[in-house]
Amino acid sequence: MNDQTPATRHVPDRLDNPLRSALFSWPSLLLVVAVAIFVANSLASPYFLSPWSLSDATFNFTEKALIALAMALLIISGEIDLSVAAIIALASTAMGFALQFGIDTPGLVAIGIGTGLLCGAFNGFLVTRLGLPSIVVTIGTMSLFRGISFIVLGDQAYKGYPESFAFFGQGYVWWVVSFEFVLFLAAAAIYYVVLHRTSFGRRIFVIGNNATAAQFSGVRVERVKFVLFCLTGLMAGIASVLLTSRLGSTRPSIAQGWELEVITMVVLGGVSILGGAGSIVGVVIAAFIMGLVTFGLGLLNVPGIVMSIFIGLLLIVVIALPIVYRMVRK
Amino acid sequence: MTQTLSTLAPLRLLKLREFWLAISIAVMIGAIATRAPSFAAPANLADIFNNTAILMILALGQMVVILTRSIDLSIAANVALSGMVIALCNASMPWIPVPLLILAAPLLGLALGAINGFLVWKLDIPAIVVTLGTLTIYRGTTFLVAGGQWVNAAEMTPDFISITRIQLLGLPLLSWFAVVIAAAFYVVMTRTPIGRSIYAIGVNPTASVYAGIDVGRTKFIAFCISGLVAGLCGYLWVSRYVIASSETAVGYELQVIAACVIGGVSIAGGVGTVGSALLGALFLGVINSALPVIGVSPFWQMAISGAAIILAVVLNARAGRKTGRIILKRAEAVS
Amino acid sequence: QTKIALVVKSLGNGFFDAANKGAQEAAKELGDVEVIYTGPTTATAEGQIEIINSLIAQNVNAIAISANDPDALVPALKKAMERGITVISWDSGVAPEGRSVHLNPSDTNLIGETIIKLAADYLPDGGDVAILSASSTATNQNAWIEAAKKVLPEKFPKINLVATVYGDDDSVKSTNEAKGLIASYPNLKAIIAPTTVGVVAAAQVVTDDNLIGKINVTGLALPSEFKQFIDNGASQAVALWNPIDLGYSAVQIAYQLATKKAEAKPGATISIGRVGSITLDDTNSAAMAAPFQFDKSNIEEFSKIY
Amino acid sequence: MSQPKLTLAGVTKSFPGVRALHEVSLELYPGQVTALIGENGAGKSTLVKVLTGIYQPDAGEIVLDGKPVSLGSAHKAFELGITAIHQETVLFDDLSVAENIYLGHAPKTRLGTIDWTLMRANARRVLADMGAGHIDAETRLRDLSIANKHLVAVARAMSIDAEVVIMDEPTAALSHKEIEDLFVLIELLKEDGKAVLFISHKFDEIYRIADRFAVFRDGEMIGKGLIGETPQNDIIRMMVGRSVDHIFPERAPAIGDTVLKLDGLSHPTEFDDIGFELRRGEILGFYGLVGAGRSEVMQAIFGLTRTSRGAMTLDGAPFAPHSPADAIEAGIVYVPEERGKQGVVVDLPIVQNVSLPSLKKTSRQGFLRMAEEFALTRKYTERLDLRAASLSQNAGTLSGGNQQKVVIAKWLATQPKVIILDEPTKGIDIGSKAAVHAFMAELVAEGLAVIMVSSELPEVMGMSDRIVVMRAGRIDAVLDNKNLTADGLVKRAIGAHEVAA
C-alpha cells in the first residue's frame, strides 16, 4: 500500500460511558414517570398502598403486557399485529369448544396456546410468504379470527371450566403474588435475554433498521419475521388461557380493543413504531405505568374513558418530551 | 376528460384495478339479486349508497392521509367528538340555525385534525403514534364534554335531524354530501398543486424535498383534510343515527382503513385514487347490506368481511407485483 | 358510613342515569350512605371486572351490579364476597354463585309476554314480527326473548316470529340490523326491541323509510327518549318499568344486606322503603312490578319524569 | 473576464458533530463549467444542497447577479434560476414523466388548477429539445430504464429556465454512451451562457469538460483556478494533502483451479444462458452498460434471485443457493452496488455491521459475546485502515469510502472463497479507490477468487485478469485482458461490433 499512509491508528471500542448513556436512556425517563405516578397514587388514595390492592392492580395489565413483550419484538422488526385481541377470542373459543368434549386442564391449555400459535403462523404466512403489509393483513385477520369465534359461539357462551383451570387467572403463587404476575416477570426476563443477549435478538434489530441490508448480509429475514408472528400469536394464546381462566367463561367478544392498548404499551416503552429500536425494560416499565395509572384513577372512580385521556396524553407527552427538549436546547 | 384520466391517475394498472373492483361489486349485487330480487331495485341500491355515504367520505379523508405515508387512527374519535359538540350545541341552544352548525362541524374536525398534523409536522412523531394518542384523548373528551351523558333524538331539534333526509332528485341529502365531497376530492387530488404534492411526498419524500415541497406541511394539510371531513361526518353521523355518545363510531377507524385498502390504496403511500377509496367503501357497504338480506346469520358477518379484506389485499398485491426490469424483453424490442 | 357501588352496564345510557337518580334518592333517605355510580364506557365484562377490582380495593360495603355477562363476572364478584363485600345484581343478573341477591325489574315471563303482547295488540290479523335485541350476551334480554318464544305458540298463534338479531346496544349496528330486517322480510309488521337503544334506532329507521303505519316498532323504551316516535306514529305503544324505582330498590336492598338488617336466603322478605318489599325465591332472586305501558295517552306525562 | 453569475462568500454549514462547510467562497461564471473536486465527505453535496435551498447555511452570503439572495426553500432556488441534478436520483417512480419534470412548477389554468394538457406538451418539448424525444411524457417513470430516468432528471433541471445548472456526480450511475450524451448537453448549456457547476471524482471527465476548478478539503475551499493551467497532480495534492499516484497495483497472478462454474444460467426475464468459470487467485471483471444485467447475475449467484434454468458448481459440487445465507455458508459473498440500502445498516454501530454475518462464530449457543465481536471487527477494520472515531459509532456517520470499507470488512470476516464486488469504487474518491484496488490485489494473492463488476473502463482494464462483457442480459464475450482496447470493449458493450463485422 501507499507508504505515506500513517501507521494504522487505533480506533477505540467506544467513546461514551455506558453507565452515563444508560442513565439518560428512555427506560430511565420512564422509570421516573412510573415512580412519580406511584407516589401520586399513594397520595391520592388511602387504599392504594395495600398489598392486596397492588396485587389486584397487576391483573389489569399482565395479560396485555405478556402480549406486549412479543409485540415489542415484532414492532422492532418493522411489522405489527393488530389481530392479537381477536386471537385471544378465537383461542378462548377453541378451549371452550374442546371443553365440550371433556378435555381436561392440561389439554385446554395446550389447545389455547396452540390456537394462538396457529393464528400467529397464519399471519406470518400471509406477511412473509405473500409479501403483504402486516398492518393490512392483521386488520383482515382481526375480523376473521373474531368472526370465526362468533360463527362458533353466536350468542352462546362456554362455561364450566374445571376447578383446576381457574388457577391460571385467579391463583396465587405466594401470598399476594399471583400466578399471572410471576408468569409475566418470568416471560419478561426471557424476552429480555432473547432480544438483548442473543444473536436472534440482534437480527431482529438489524431487520428493523434495514431489512434489505439484513437480507444481503445473510439474515433469513422472512424466517425471523415468521417466528416473531408465531411468538406474538403464542403470547396471545397464553394471554387467552389466563383471561379465560380469570373470567371462567368464553364469549366471542372478550378482549375487545386490546390490540391498541398493547401497542400503546409497546410504543410508550420506547419501541420505535418504525422499527429498529426499543428495549424490553422500557416495555415492562410502560406496562407498569399503564397499570398504575388505570388502577390509581380507578380508585378515584374515574371512568375508564377518562383514564384513557391520561394514557393518550402520557403517550404523546412522553414521546414528545425528548424531542422538545432537543429542540429547545438547540 | 378520459384523456386526462389516463395520465392523472398515475397508474394504468390501478385503473384496471378499479375497473375490476367495480365489476366485482356489480357481480356481487347481481348474485344477491338472484336470491333476493328486491336487492337490485334502484330504491334499494340508492339506500345502500346512502348507508355507505359516511364511510365513503371518511375513506376519502383517510386516503389522503395514507397517501402521505401516514395513518389517521383518530378519524372515528374525531367523528364522535365533533358530532357530540354539535349535538350538544343543538340540544342546549336550539335557536342556532342548523346550517351554521353544519358549517361549524367540519371546522371543529379541522381543528382536531390540525392537532394531529401539527404534532406530526413540528415534533416529527410518527403519525400512528400521534393518532393512537389522540384517538383516546378525543374519545375521552367526548365523554367529558357531555358529562357522560348521551344526546338522544328527543333533545335534538327536528331540523337538525331531518336536513340530511331531505330527498333531492331521488337521493337523500346525505348521499349528495358524499357526491359533492367526492367531486371536490377529485378536483383537489388531480388538479391542484397540493393534491399532487400529497401524492409526491407519498411516492418519494426525499425527492419531494428536492422538488420544493415542504413534506411536514403537506402532511399537516393532509391531516387537516381528514379532520375536516371527519368533522362533517360527525354531524352527518349524529343526524343519521340520531344519537351522540362517546361510543359513536367506536372502532370505525379500522373499517375506514379497510375500505381504503380494499380499494387498493397502498399503505406504503403514494398510490390510490378517489375512485379506489369510493369503490372500497362501497364494496364493504354492499357486503354489509347484503348479508342480512340473503339470510346469512349475523354471526357470519365479521368473518366474511375479514376474509374479504384479506382476499382484496392478496389480489391487489398480485396486481401490483413488480414485474422486474425485463432486460431480455427490452433487448428484443430494441433489436 | 356505608359505601354502595352502583355498577351499570355502560355509562351514558339514559336508563341507567335514571336508575342512578333513584339510587341517590335512596342514599339520601338512608342517611349514612354514599352511592358510587360507576361503569365502563363500553358494555363489556372486562371493563366491569376492572371496576370491581378497584371497588374491592376501596373497601366498599356493597356492590350492586347490572351485569354485561352473567358468567365472566362471577370470579371477580366471588373475590369481592370473600373480602366481605355484599354483592347483589339488578336489572341484568349474575349467575347465583356470584351474588347474594338478584333483583329483576319485573318478572321475566311477564316481560317476555308483554313485549309480544305489545306487538300483538295492534296486529289483530297476526303477521310477521322480528326481535332486535341488545348484545347477544345480555342476560336479561336473552331471558325475556326465551320467555317470549315460550308463550308464542299458545297465546299468540297468529304471530310469526321470523328472526332475532342483535344490535349490541350500539345505534349504528341497531340501525343496520333494523334495515336488514326490513329488507329481508317484506311482510314484516312489527319490530320488537326489548332494549332502550335498539327501540329508538328501529323507530328512526321506520320513520326515515316512510314505513309509519306499515311497521309498528315496540319494545322497552324510556319515555323521554321515545316520546317523538309515539307522537309520529312509528310506534303505538312501548313498555318499561320505572328505572328510578329500580335503582332505588337496588340500593335499599344492598344496604339492608350490608348492614345485616336483612339476610339473603330463599323465602326472606326485604323491605325497600317507599317501594314496599320483595320476597326472595329459591334462587335468591326477586321481581319488582309489572312493566308499565306507555302510549299516546300517557307518554307526555312520563317523558318528563324519566 | 465577465462578472461571476453566482458568488458565495463565507458560507458555513454544520451538522451535529460535523462541520460540512467552513467559510467557503466560490464563483460561478456564465458560459463556463466549474468542476468541484474533493474527497468523499469534503462537503460537495452539502454545498449543492445549500445552493438549491434544501439546507440553510449557518453563515455566509450568496450573491446572484450582484444581488444578495436568500434561498429559503427548493422552490425559491429554482424561482431564482438555480437548478440541480442531485447525486441521488430524486424522482417519483409512481408519477408520469411529465409530472416528474414539472412537479412543483406545473403550468396552471386560469382557475388555478393544474393544466395537464399544457404540462404534457411542455414536457414533450423539453425532452425533444435535449434529444430525448424517445421518452413518452405519459409513461410512468417506473417503467423507464435507468439511463432514461437519468435523462428525465436532466429534463427536470432543464425545464426550469435556469441560469445556474449544478450537476452532482451525474456520471456515477451512467455508462460510456450516456456520459457522451450528457457532455454534448453540457456543451449546449455553455453555449447558452449558463453557469455550470460540475462535480465528479473522475479526472478524465473533469479535464474534458471543465474550464475552472475548485478543490474542497474537510469543508474548506483549498484552491481554485483554471483547469487548463493546473496539472492533475497538483489538484490531487490539494485534495488529499499528499500526492496519490493512482497506478493499478502490479500483480503476479497465480491462477489456480476453478472455484465457481456457471453453466447456462437463465432467468425468465432478466438474463439468459450465462456461463463462465472463476478460478482461484483471479480477478474476473464484468463490463457492460448500466442495466446490462450484471448485478442480476451476481445476485443470482448470491441466492437472491431465483433462476429458471442452468446450473452452478462450487469447488466441483453442485451449488444452488436459495438465499444469501446459503451462499455465505458456501463461501460466496457479495458487496452490493447500493451501499446505503443494501450494504451497511446506517443506524447500527460499525461493530454490529461487521459481525452480522459472523454472528454464529462470535456468539456461543446463540448468546452474544461482545468482546469477540469487537475483536473480530478490530482485526478486519484495522487491516482496511478504517477511519472512525470509535467502533460503536453508527455506520451512517462514516463517509462513503469508509462505509464501503465496513462492508468489505464484514465479508472478509466470514473468510469467503469468492468475493463479488459490484461497482466497488462507485462514488469513491481517488484515495480510497486506490486503497480498494490495492486491497483487491491482496485478496487474490491470498488465493481468493474475485468477481468485479464495474462500469468504469480504466478500472476493468486495470484490474482484471479476464473480462466478461455483458449486453442486454447475455454474455457477449469472455476475453483475456491482453491487448484489449477501450474502444473495442465499448463497442462490444453497446453491440456495435456485430454490425461492423
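As written, the chain order gives the labels A, B, C and D, with residue 1 at the start of each chain.
Quick note on the criterion: contacts are C-beta pairs under 8 Å (C-beta built on N, C-alpha and C of every residue); 3 or more make two chains touch, one makes a residue touch a chain.
Chain-to-protein mapping (UniProt): A = Autoinducer 2 import system permease protein LsrD; B = Branched-chain amino acid ABC transporter permease; D = D-xylose ABC transporter ATP-binding protein.
For clarity, every value in this text was computed on a predicted model and none was experimentally measured.
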Of the chain pairs A-B and A-D, which one is connected by the greater count of C-beta contacts? A-B
From the mean C-alpha coordinate of chain A to that of chain B, what's the distance rounded to whole Å? 30
Between the Cα centroids of chain B and chain D the separation in whole angstrom comes to 43
Could you put a whole-Å number on the gap between the CA centroids of chain C and chain D? 74
Mind pulling the residue numbers of chain C that touch at least two other chains? 11, 41-42, 166
Would you mind listing the residues of chain A that make contact with two or more other chains? 154-155, 257, 303, 305
For this entry, which pairs of chains touch? A-B, A-C, A-D, B-C, B-D
In the complex, chain D touches chain B at residues 52-54, 73-78, 84, 86, 88, 90-96, 98-99, 103-106, 112-114, 116-117, 120, 138, 140, 145, 269-272, 291-293, 296, 471-474
So, in the complex, the side of chain C touching chain A is made of residues 11, 36, 38-42, 44-47, 49-51, 53-54, 56-59, 69, 71-76, 79, 83, 135-137, 142, 166
In the complex formed with chain C, which residues of chain A make contact? 45, 47-48, 50, 52-53, 56-57, 59-60, 154-155, 157, 159, 166, 169-170, 243, 246-249, 251, 253-257, 294-295, 298-299, 301, 303-305
In their shared complex, at which residues does chain A touch chain B? 82, 126, 130-133, 135-137, 139-148, 150-151, 153-155, 257, 260, 263-264, 267, 272-274, 303, 305-309, 311-313, 315-316, 319-320, 323-324
For chain D, which residues are in contact with chain A within the complex? 242, 244, 302, 304, 323-325, 327-329, 334, 336, 341-348, 351-352, 356-357, 359-360, 363, 366-368, 374, 378, 381-382, 385-393, 410, 434-435, 438
